[in-house]
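Following this line, the structures themselves.
In what comes next, chain A is part of two complexes: it sits with chain B in the first one and with chain C in the second one.
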Partner chain A sequence: MTQPRKFARWLIVLLMLHGIVAAAGFFAPYDPVEQDRERPYLPPMRVHLMDARGHLHLRPFFYPLRLRAGSFDQYEEDTATAVPLRFFERAAAYHLFGFVPSHLHLFGASGTRIYLLGTDTYGRDQLSRILYGGQVSLLAGLLGAGVTLFLGALIGMAAGYFGGWRDDLLMRIAELFLALPWLYLLFALRAFLPLAVSPLEAFLLVVIVIGMVGWARPARLVRGVVLSVKERDFVRAARGFGASDVYLLRRHILPETASVLLTQAAILVPQFVLAEMTLSFLGLGVPEPMSSWGNLLAALQQYNVLVSYWWMYLPALAIVPFFLGYLGLASALQQRTSPYKIEEKSSWSPS
Partner chain B sequence: MRYFIRRALHAVFLLFGVSLLTFLFSALTPGNYFDEMRLNPQISPDTVAALRSQYQLDRPLPVRYAHWLNAVVHGQLGFSFTYNGPVAPLLWARARNTLLLTITATLLAWLVALPLGVWSAARFGRAPDRVLSWTTATLLVVPDLVLALGLLILAVRTGWFPTGGLVSVGFDELSVSHKLRDIALHMTLPVVSLVLATLPMLVRHVRASVADVLDAPFLRAAAGHGIPQRKLLYRYALRAAANPLISLFGFSVGTLLSGSLLVEVVMSWPGLGPLLLESILARDLYVVIGGVLLSMLFLVGGNLFADILLYLADPRIRTAASAK
Partner chain C sequence: MKNERLSSWRCRSSLSLLLACTALIALHAKGAPPPQQTNAKEELLSLPGEIGRSGGRLVISLRAEPKTLNPLTAADAPSREVIGAMQADLVHINRATQLTEPALAKSWKISADGLQYTLTLRQGLRFSDGHPLDADDVLFTFHVYLDENIHAPQRDLLIVGGKPITVRKVDAQTLVCQFAKPYGVEERLFDGLAILPRHLLEKPYQEGKLGQLWTLSTPPNEWAGLGPFRLKEYVAGQKLVLERNPYYWKTDAKGNRLPYLDELVFLFVPSADAQVLRFQSGETDIITRLGAENFSVLGRQQRGYTMTDAGPGLEYNFLFFNLNDLGEKSSADLTRKQKWFRDVRFRQAISAAIDRDAIVRLVYQGRGSALWGPVTPGNHRWLDASIPHPPRSVERARTLLKQAGFSWSAGANGESTLMDSDRKPVEFSVLTSSSNADRTKMATLIQDDLKQLGMHVQVVPLEFRSLIDRVTQTKEYDACILGLASFDADPNSDINVWLSSGGTHLWNPSQPHPATAWEAEIDRLMEQQLATPGYDQRKKLYDRVQEILAENQPMIFLASPDILVGAKNSIANFHPSVLEPYALWNVEQFYFRNSAENASR
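Here is the complex of A and B:
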């Protein structure tokens, strides 16, 4: 009884996390590309309940930042004016989930702008960029995993069902892909695809590259399932009734591979999100002005940013709760599908 | 002997396949290094065409592959367009640094993981084991990129370790012992992030496989005979659990090679990683292919080493091999 509940718990956590990112427009106070050129690299602002004179406020507030006297890059709080946080504020227009027009934001401030996680080199709000960047990174991971599982299921079913030389050939190629360290594979693939492309094309390119890297492990697992399922009585009976190969594969064999594919999905998605981050961090993925967790981190490759502006590291931490959620989901799923335990044991590792 | 020949043949097949794969990918390239020259009005189209044919970029793919393979057999890996020289020496200089990093990290990770895993398995399910499990689980959800960048920021803000590069300025004037110290200091940060990235996986596997054997009747019997705990764990249990761990060793080499690619770029360590990235951005075809292939060579080397270990450690493989 405890296993399904565990599984559901992780699923809810993940749904909430994805929901926050999907509804970035609502949770982000500003537009991710809106610039505030007056205030580049503003440190994160603190939200207070207690003001400078020791009075308690019921409504959270913050102090606007001003340059410290005699300094050109050190900021301090201007305690003269407390700016209250306003919840469910009507501000910049956006499209919720990409199609519902809305003005409503979770929080905001009037008069002065609030930067909970600071600003970047163009004075863009880090929090908004992280939330919107998550949409790109997560979508790349999810689509990449979709492509991989599709390829893996297709190849695994073909190899397991038809057997013979086709099986040998496909499994030899799969071995090759398994042996290659994934980052090298990613690099080799990316190296020979166009570099200068529009953000959307780059995004699709990343999805394809990521999607083509990981098919080998799911293909092998699916093959194993197909090998055993195709000899089961109900499949033999269907074949005896004259069912075609395609019908057998679709109606009887594919459903049997569902649990393996589901577990693999939980393992692959976070890895592929990380792959997108890595590619974009290295400048091979999604370019500016689109934001993704990877290209937000690319700023850290400049030494001065690394030394002075620690809040530029925060996008990296955004992926950690997602990793946790998917790891939990994957292990809950694995406990349910124990026949494949041995293979799964070593599966939480990028390969 | 046949066992080794089979493993070696497998390795050759792997290398061959990888080279074929990278060449196939390169056939998909919609541009090459000389494309940018075409935009330059000072270079005539004839010159570009001549250069292309000089490097045989105008030939069909099978011809290019055959030519390249022939060169590889003669110890050459092709020509770098950006560095205007042969690829092999370029790669070796960088590969040395990558090897230094990965070998140190592999050794260190295993040296820490083995006792930690065994220690944890001996206390399976009790408080210290649970604490360790939580620690490894925490490390597991921090991806290597996040870890490396975090360590880098820590180092920069505290100034405890030098960041970037292999040696300090004025390295040549230092005495031998200071030179070693300097390299070791520069290595600390990349090695630590590599070790921390692989450690949780290793510890968990060691713990799982040792815990698996600890229930075995022969170990209970040994314990009943009064063999001391330490000897029991390291002499008997670890040995019985060695088989999957040695396979994991080969696998960990691959993970570390991937990890070091990234860590090298993040920490600007002059290894294969930055070179590879640079040549991808410059479309320096043969450097990319050579770099990928060289890393495969390391990987295959690591796997062969694991195979030899397996042969030595597992009598079943020895007898199976000699029975054939």
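Here is the complex of A and C:
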């Protein structure tokens, strides 16, 4: 009884998380590529309710940070002026969900800038970059999973349903793909492309590559389901009534693979988000100045960043709720379609 | 107290052991015992500076394994650094004063017409294997450097007015060099020309094997040099160990033979970050070629070492456009873009729009200087101070672009796009080396600067070798950011960059005829200064070259990093310079202050 509710709970959590990233323009206070060259590696600012003299403020505020004289990256709070945090502030223009032009931001400050999660080496707002970077990484994960599942379902069904030499051929190709060193494949592929790749091209390349290499595993799962389903009585009956292959696949077999595909989707999306991050981390993803979770983390390849600026690790934390959400969803889905339930169902059917 | 005595005893005993060992080796090799005390017949060079104590082993890391120990073929920085500690030249440029001083030649005289140089060698010097040095070795050295089949990188410097210099032996200690034309470089020419041992190399030279000789795995007894250290051991992929040359020809002010150190070890540590970790953990004693970020990391947690900012170096970083005339091979896209690149106002506009101060602050953390010409503030002798330093001005850039026929169109998002006279958007890509984080950062800053002019710039990090291939061979690129570091402060060390026929004339290399009037003018000035003796005259000519470069902006000069080094506090006589090799130029004078440290290692 609790399973559907659990499933719905995870789904709502995930929808909310994705909503925040999709509406990055609203939640992010600034343009993610805007450089504030006076404030490189600024640590996260603290939001206060209590000021330096011990007075309580109703509206949260922060103290602007100023560079300590003669230093490059050491800041101190300037407690002389408290800057109130303002909500629903009108600032930099952006397009909500990519098409609705808007000026409204969840929060901001007038006169000075607020960096809740600090800035990077060019003084770009880390919070905005994480939110916008999530758009790239999550979309790559979702699209990649879509491509993979589509290919996997198609090939798995063909192999399982038709059997014989077609099954053998497709499954051997699948094994080949499983054994492929896809990272090197991508390096090679990148070398063939023109020198300057626009951000969109780079993004599509990443999606296509991670979508192409992952189809083998879902294809094998789908094939297994199809192999068992096609021998079931209702399929045989339909065939006896003269149903065509396409009709059988669409009407009777495909619906039976749905639960496997859904569970696979919930597992594959975070896996592909991670794949995108790996590629961007190695400089094969979207180019600067665009951000993605992978190229945000790429800054950590430098030793000095690793030991000096802890807030550069934050993009790694951003993925945690998403992964938990997806894995929770996957396990809820799995429980819903656990094997003993299938048996329960089939025991009722007269055999 | 007890401890101290113990360690000093241990030190003395190890020292005497070492002396015995070296004596044994030398006896075995040559029969003549190595002179520990100075000999009356030897004309040694006495150096001022702190009197040190003998012993100890200095460890330093190299970014890559040296390719060779052969000074005739060495072109990479690690090889040059190692060879610098193993070889010596006739006349040497003091890295601290940037002036020449006597080395193997105790004196030299230049004839009144500037065509004849008479050099007198020091008497009684020996190679590191004990074999005596004489004028025949020098003759042999010049002969092989000038041999076309050897392809020595220094050969170009020895060709004056189209003719190689001729060297003649007067007696065992005296040589005369004859030039076809007066030579502006004067005696600086001899710096870096390692004098080679004829007794070891003549036979392989005649067999045509000299170019392949002296690899890292050469047995130490087949190798000899005149530098402070000699070859001891090479472990592939790990380290190169040099030992003290007992025949070295320099002494300290008290007459003790240098060098003080017993051993000099080069570790091969492939990444800059790994070098920092090794230095931090005390495994290496000196670190050079540091980036500003790692310099500040090390500076923040100083433990027994001191970090030094030696000031602006000679490296200059710049942006340049593809100005090659590719004829029919050129793609339509590149031809269209080259119409902008060839317009001097376009290049001036880009120069005006670049925020050099931000580059110095964000890329070098303030440890560098903004540049408007190729000569950095570190090279005060040759810097043309009259070159203007216009501050960043997007306004001026816009005016220049307008004059050149560009216009702006408002895009859908409210941002304007720069259009050329054919109403095509201005977009180009900038190559940077993916292994150089500094230059990639510069590119990202410039990308943002130029966005304010409505230009869409893409940054393409490329592996260094394929980048150089694109720039000098296939010439398929729009723009590129590179850096060059001169060996010497003298303008002639970069002559191949400025001559239109030069191979490193990056924006349009190896031209048969200068493509533009100003390139022809630079050619003329550079050749004239090469043949003009006297600093003042040459300075005037080179100033003019710098002015022409600043005006025409074939390279848009960006910034120059400071030379940043670190060394353990126990190392004395450590005076880093802004010339290569930044730290080891006076390695013969280095010593460890506390003997306990030597003994423990």
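The definition used in the following text is that the second predicted complex is superposed on the first by the 313 of 351 C-alpha atoms of A that agree within 3 Å, B and C clash if a C-alpha of one lies under 4 Å from a C-alpha of the other, contacts with A are read in each partner's own complex, and residues count from 1 in each chain.
Keep this in mind: contacts are C-beta pairs under 8 Å (C-beta built on N, C-alpha and C of every residue); 3 or more make two chains touch, one makes a residue touch a chain.
None of these values were measured; they are calculated from a predicted model.
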item: Touching partner for A:Pro289 - first (chain B), second (chain C), both, neither; value: second
item: First, second, both or neither for A:Thr148, with chain B first and chain C second; value: neither
item: Which superposed partner A:Phe72 touches (first chain B, second chain C, both, neither); value: second
item: Which of chain B and chain C A:Val307 touches, first, second, both or neither; value: both
item: Touching partner for A:Gln135 - first (chain B), second (chain C), both, neither; value: neither
item: Partner chain in contact with A:Ala179 - chain B first, chain C second, else both or neither; value: first
item: First (chain B), second (chain C), both or neither touched by A:Thr121; value: second
item: Touched partner set for A:Ile319, first chain B, second chain C, both or neither; value: first
item: Residues of chain A at both interfaces, chain B in one complex, chain C in the other; value: 195, 283, 303, 307
item: Chain C-touching residues of chain A, taken from the complex the two chains share; value: 33, 35, 37, 40, 72-73, 93, 95, 121-123, 195-198, 283, 287-289, 302-305, 307-308
item: Contact footprint of chain B on chain A as seen in their complex; value: 172-173, 175-176, 179-184, 187-195, 274, 277-278, 281-284, 297, 300, 303, 306-307, 310, 313, 316-317, 319-320, 323-324, 327, 345-346, 348-351
item: Residue numbers on chain C that touch chain A, as the complex places them; value: 272-273, 276-277, 291, 293-294, 296-297, 300, 355, 358, 361-362, 365-366, 413-414, 429, 431, 434, 437, 441, 444-445, 447-448, 458-462, 470, 476-478
item: Complex contacts: residues of chain B adjacent to chain A; value: 14, 17-18, 21-22, 25-31, 137, 140-143, 145-146, 149-150, 152-153, 156-157, 201, 205, 208, 248, 251, 254-255, 257-259, 261-262, 265, 276-277, 279-281, 283, 288, 292, 295-296, 299, 303
